[in-house]
Amino acid sequence: MDPASQLFPVVSLPDDKFHDHCGVFAVFGHPEASKLTYLGLYALQHRGQESAGIAVSDGETLTCYKQMGHIAEIFTEPVLASLKGPYAIGHTRYSTAGDTVLKNAQPLMVNCQKGQVALGHNGNIVNAPAIRRDLENRGDIFQTTSDTEVILHHFARSKHHGIPESLADALDRVEGAYSIVALFKDSIYGIRDPRGFRPLTLGKIDGAYVLSSETCAFDLINAQPIRDIEPGEMVILDKRGVTSLHFAPPVKPAQCIFEHVYFARPDSVVFGRSVQVSREELGRYLAREHPVEADMVVPVPDSGVPAALGFAEESGIPMKMALIRNHYIGRTFIEPSQAIRDFGVRLKLNPVRSLLEGKRVVLVDDSIIRGTTSRKLVRIVRECGAREVHMRISCPPTISPCYYGIDTPTRKELIAATHSVEEIRQYIGADTLGYLSLDSLRKAVGDTAGRFCSACYTASYPTVVQEPLLALRQRD
Amino acid sequence: MDPASQLFPVVSLPDDKFHDHCGVFAVFGHPEASKLTYLGLYALQHRGQESAGIAVSDGETLTCYKQMGHIAEIFTEPVLASLKGPYAIGHTRYSTAGDTVLKNAQPLMVNCQKGQVALGHNGNIVNAPAIRRDLENRGDIFQTTSDTEVILHHFARSKHHGIPESLADALDRVEGAYSIVALFKDSIYGIRDPRGFRPLTLGKIDGAYVLSSETCAFDLINAQPIRDIEPGEMVILDKRGVTSLHFAPPVKPAQCIFEHVYFARPDSVVFGRSVQVSREELGRYLAREHPVEADMVVPVPDSGVPAALGFAEESGIPMKMALIRNHYIGRTFIEPSQAIRDFGVRLKLNPVRSLLEGKRVVLVDDSIIRGTTSRKLVRIVRECGAREVHMRISCPPTISPCYYGIDTPTRKELIAATHSVEEIRQYIGADTLGYLSLDSLRKAVGDTAGRFCSACYTASYPTVVQEPLLALRQRD
Amino acid sequence: MDPASQLFPVVSLPDDKFHDHCGVFAVFGHPEASKLTYLGLYALQHRGQESAGIAVSDGETLTCYKQMGHIAEIFTEPVLASLKGPYAIGHTRYSTAGDTVLKNAQPLMVNCQKGQVALGHNGNIVNAPAIRRDLENRGDIFQTTSDTEVILHHFARSKHHGIPESLADALDRVEGAYSIVALFKDSIYGIRDPRGFRPLTLGKIDGAYVLSSETCAFDLINAQPIRDIEPGEMVILDKRGVTSLHFAPPVKPAQCIFEHVYFARPDSVVFGRSVQVSREELGRYLAREHPVEADMVVPVPDSGVPAALGFAEESGIPMKMALIRNHYIGRTFIEPSQAIRDFGVRLKLNPVRSLLEGKRVVLVDDSIIRGTTSRKLVRIVRECGAREVHMRISCPPTISPCYYGIDTPTRKELIAATHSVEEIRQYIGADTLGYLSLDSLRKAVGDTAGRFCSACYTASYPTVVQEPLLALRQRD
Amino acid sequence: MDPASQLFPVVSLPDDKFHDHCGVFAVFGHPEASKLTYLGLYALQHRGQESAGIAVSDGETLTCYKQMGHIAEIFTEPVLASLKGPYAIGHTRYSTAGDTVLKNAQPLMVNCQKGQVALGHNGNIVNAPAIRRDLENRGDIFQTTSDTEVILHHFARSKHHGIPESLADALDRVEGAYSIVALFKDSIYGIRDPRGFRPLTLGKIDGAYVLSSETCAFDLINAQPIRDIEPGEMVILDKRGVTSLHFAPPVKPAQCIFEHVYFARPDSVVFGRSVQVSREELGRYLAREHPVEADMVVPVPDSGVPAALGFAEESGIPMKMALIRNHYIGRTFIEPSQAIRDFGVRLKLNPVRSLLEGKRVVLVDDSIIRGTTSRKLVRIVRECGAREVHMRISCPPTISPCYYGIDTPTRKELIAATHSVEEIRQYIGADTLGYLSLDSLRKAVGDTAGRFCSACYTASYPTVVQEPLLALRQRD
């Protein structure tokens, strides 16, 4: 636990959402590699804003700088100026509550017999606890609590001499989700796990290659997307150009469906499909599955807007921006001691009474996790005089935690894991509540071939999930 | 000029908008006056984010704390804890380029024969230069370059003994726009200039009174709006409750129409009317005045969204969120030395290619000031494959600077002051360009009685504007 | 009161000393005026470390930057780079407890009919409260609580047109101590009050002129001292060179004797005499007046060292560094909740047991103000096994507060104001206690002509001290 | 390399001294263990001020916080409040030029099969490069460039199960200097290498045990010293009290003689002897070995003061404080572009002209490393009019680098390694130059039994020094 994160009592903002753990970015062969990486991380900040790091190589030596905080605070002009070299990788990270520590910030940089390595990882190694126990029993020491460190241990002790073989050797031992960028003194590797849980895309800018979790980062720097790294593929960027290896036999893909539902930025193309297009489509299916007579469709901004647009279009009910989001929000809030009801929600969202008064309202949101924020929103909307409040959610009930790189509450905290839709409706106080079906969700994201993981809606996990992990999540 | 504001070269964000100068807030008679004021300022940050200050009184002594920066950075827990007393006023300020200095931050607090006074001012005194010259000639010294200081000088030297008389005396000498909150040891004054340029509203919370530039600040703290302070009214909050005085004979009101077009937060009720309602209405009138055959209506987020909604509703063309705003933007950006074309706009807005490709697009924005951002946006949208780009602006061409508390460029910089609509269309590269007419604008904001100032569209100013001011603006 | 100064509970360091309020510095006609001023302030930091400011003129416009904090924190490279122009003045300030506020930081910069002025002041205007009352009654407003502001008011309203006449006019109305540097757009004024309470010296560097409170600042930048500004003299630095005016008729000088006893840096020449030489001489006189049989002379470092050297030389008793000062001390300390006895003193000073054990010790210090620190020191020395502890103080008992720019406690807090020497001896627990006589003090600083103020030892003040001031000090 | 350390060009302060690398401190069994450790580190800051860290255990879990910076900046109230538990160790570190990086800050905390360990190390492992190469070849990864990490690797992979056996196992493989504090979940170990290069002392406070590099840290918190940890001893602090083990067979001790010459704080008792007493004795021997006719003995403050006192006492020549040290120095300095000669020295030391003028001066300093500062000082003293300048150094010529935890320049940079005393005299410009003989040095520190390492004066190292290390130092 990092003491610096506890300076003042704060009102925790009511962000009842799943969170992605990380975003990764890399640039190979550009004179301003660290600046482009900084901009790339900028565009990926929705994937993690608690810490960030950049490692560069000048062809001989690696330098790494990482800190807690936002990109713009961490990477000042002098810091960037000192990160010299044409090869760079970057990482931005969302920390879970008990773990806001600098030591787990990435890239993770080590020295070993294969030289210097820096590694940025998006995802989660599900068998990390067991591997770690084994390695510790053999005498290894661990300086972080991150699951990423086990990859580096196995890489370092691989009997192979070449980097790709050693990486493959290490990856052969791990199970789970990993989109990785790895920096060596004169090469960068882009790696995606055999199931392809998390996205990773290759692009090009001024003759240099770039790797990014999402294409929105390419747009910012005017880079052109080339193609997704394939599940089980390792792409090597070095002086010879791009080399592709498959380090694992093909298995059934399990791309994270929640990237389309909520995580990814709407302007990204993820798994070959525009996220914004998927989300509007979700709204259209939702309108068909759960039609309702109403006066207006109101999105819960910002993430609910595209589905609300689709819902409005399909239903013919006009969309109204009757909940206004305050974008000037800092990270700490000081509340009056006579606490204001629903204060946290009010900080972020304010209703427009004159629009809502006397109206039948369809509230469209992308998910309900614990239900607490939805409950407050329904109440706030009713207090403005809405006559009816119908909640529509653009995905199925979320019933199971994710073990593949998403920060989710434990099963017990997921309202849909323990309550029926009707019970949830009562809890949040809506007149009606409609969730999108899994079938429609798959259709909306274009998943005809069953290439997506939807374990958070089904509890059917694409990998073995080790006992300790399951126990941990359920016991809590 | 404040050296601290020049630490690093930064990319100035392309914010081609008018800016409001300030927001004010006050609490009379609440044990947590400073915390409520802090929250009120939080909600008013769109009216100015460069500096902020809070002054409190414990009934005897005034304490003031102000700094450059955002509310959440300035008012930490220990700072708020030290601002003790049941009476508080607050001010948040947008600084013009040449003037980001702490010495001009407000509230402005002074000692004089009438005791301690702290004053927060939203607006602009048009005859301040002349008054200041007179006062200097009489031997007065000025410690700020703010026009607000002249009010305090005249207040201090008024021959009257009472506070209201002295205030009236001072206000009698100034001409222009002022919504003022003034703190004395055991009273707070809320004042609105005779034409009522800028808003100021009275509300109530737990038996205490509050004043705010906009009602959205009331919503955050669960305060109830009572009524607007009237043009030419001075409201006194003290132990006897609320007393109202009219310090000036009635004149034709001149409420700022741009508050409804762009400034005010959409969830506020300003001049008695919901801003969001006005803005959707602007979009509807715009669709009627400038219809076009197209595939989608695309708002320039966030401010263009309500008018786009109205336009889409009226025209039947579906709205699409094809420009995505990045909300994780800090205040400084470091650009690669090989500058990226349209970098500043890209930082904030990213197009969704899959939505735009091959489509006829109606771009809806609230205003065009210099035209530079619109030009970049049209280009970016075209580069994504849009077949046609039709720009629609939800107000008339902006042809004259504002002298009433808005930060506007000089006349020469206003593209519409020197170019015809057709020339502007060519400059921004749109297929068609349509501005809303002044007549429709008036109707959309409900101005049947001619109570609004629309000088920025007409150059017809409701007050004498002194030569120096005019010269200054036009010479630049 | 400045909230920022109260962030954390701290152990106040036991600095039982008088404190000087300020140091001033100026450079006229040097391309790097602000950098030299920064260095000058660096050398003057013992005269005040709570806030500092520099104002520069480029020949047309004045720019001022001031902040709370230490010189090196305030004036970073970019801040200095922005303070452009060949004319600069600087000020460093020690704030009294109730007044650690930015608004009172200097230079104080204003606009008036005579143009822009920035003023840095070392000293105290004893009739400021009365003047201020008068000015307020005439309608003036005060934005600081500093006594310096009254000078600017009278300067601004002087009927004279010239700057020197107007300054003289203003100074004619004030009584007390003032060494002033004043910056105008193309000139700098150095002014010393008619009694010359505080020092101010003129020097030269590379053809430019410099003014400084003490010569140690000249040494740092390799400037050559020319001469002291005389009491009642106003020196004008402008393009014509140095012009000297006497703005007041000669009166009996009253140079602060405590500058030689404790305030000034030992390497400075103050009032024409080396401070270090004076202090050693104090020790010699002390040895003659209060001889004692002992094994070692131990200075209370650092300020007690020169007198201890003189004492040891005169007495033949060897000096030992048996109290070691810790120089790595920050500004805040966190004490264990089970408080450690004499913790504050221990933080700064640690005894060397092996030197002290079984010895008869003469402790030499420069002054006793409240007596609390001396008491702790005697106890600490005894706990190390010293057989006898003889305290020797290199000045007379301090019985009256200073009204001329020194931060002193109230009369009631001065132990010597209410206790006999024998009572003080008992309180601090020394075997014997000897104070230097006033007569010897005068001889040691070379004051044959009675040119020094010694009011803190005699309560005989060289000016009228207004009732309110006296009352204030005594009532507390 | 840490980018944050390069923010601005700075004048590097002319500190021509050897530097100790680190100080360590520990508290076992006190409710305020982290606060006491913070205070202990405070007192040890002369042993390293670039970074510091504290690790605590609550009996189950270890928490560690470390940062670049000074103690008082790093350990704020909330940070300390979060470091909960009765067992704590701390470390303060001086970084060599190329290595001011957070990742090398200590305590170094890891997880391994033996649980969590945090380790603070003062000294240097001379065979670390070879061990590291071996470990890397076996597949281990290194996350720091610190020599300390090799101890943890060997500890983790020891086949023994017990902590003491595993530690002994690890220490058996390393050669060199190490005074170590090691924290486990419910025990603390204090370890000193078999030659006892660096000090480590055990003490007691309120029933709790404390370990410290120097006794001055005990004094600050009112702890009582018990005894030194012996060379080759491992002291275990746990619930059973203090257990002592000898993990290595006795060898000839090699205590660092430079601790007495310069490193340690004068108020500490190091290797059983008062440092201040040693230093005065050095001055006496110096006066006997190199007598000179002169008017005054002038110490180079602060470290030259005790030897100057001894010199003055022995020679009968009076000591004068004719060089004044400025204690208000920050960490960065901005120099005018027209650089001032000897600027760096002037920032720290200022001569008192009136004392020096026309005088024959004996300058006493503790060491000459590169000679650059001495040269400047002699010049400055002569410029003040000194007639003769005689330099006396209280140790022998420094001819060889240290490999045991001291930051020394390479052999080539040591002026005495390549120049005769006469050549050095000419270089620094003194009239005469006298160094203390090694024989007298040994006598002065009471070394009758040859228990001290004096390799820096003799190049005769008590351990094998591996080729790479030697090569490294000499090549540079």
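A, B, C and D are the chain letters, set down in written order, and residue numbers restart from 1 in every chain.
We adopt the following convention: a contact is a pair of C-beta atoms (placed from the backbone, for glycine too) under 8 Å apart; a residue touches a chain by one contact, two chains touch by 3 or more.
Remember, it's a predicted structure, so these values are computed and weren't measured experimentally.
Most remote chain with respect to subunit B, judged by CA-atom centres, is D. Chain geometry summary: the mean Cα position of subunit B and that of subunit D are 60 Å apart. Between subunit A and subunit B the centroid-to-centroid distance comes to 36 Å (mean Cα coordinates, whole Å). In subunit B, the positions touching at least two other chains are 8, 76, 80. In summary, the structure contains touching chain pairs A-B, A-D, B-C, C-D.
Within the complex formed with subunit A, the residues of subunit D that make contact are 1-4, 6-8, 63, 65, 76, 78-83, 102, 108-113, 136-143, 145, 152-153, 156-158. Put simply, subunit B touches subunit A in their complex at residues 8-9, 32, 35-36, 38-39, 42-43, 45-46, 49, 70-73, 75-77, 80, 206, 216, 219-222, 265-267, 269, 274, 276-277, 280, 302, 305-306, 309, 313, 318-322, 324, 326-338, 340-341, 346-347, 350-355.
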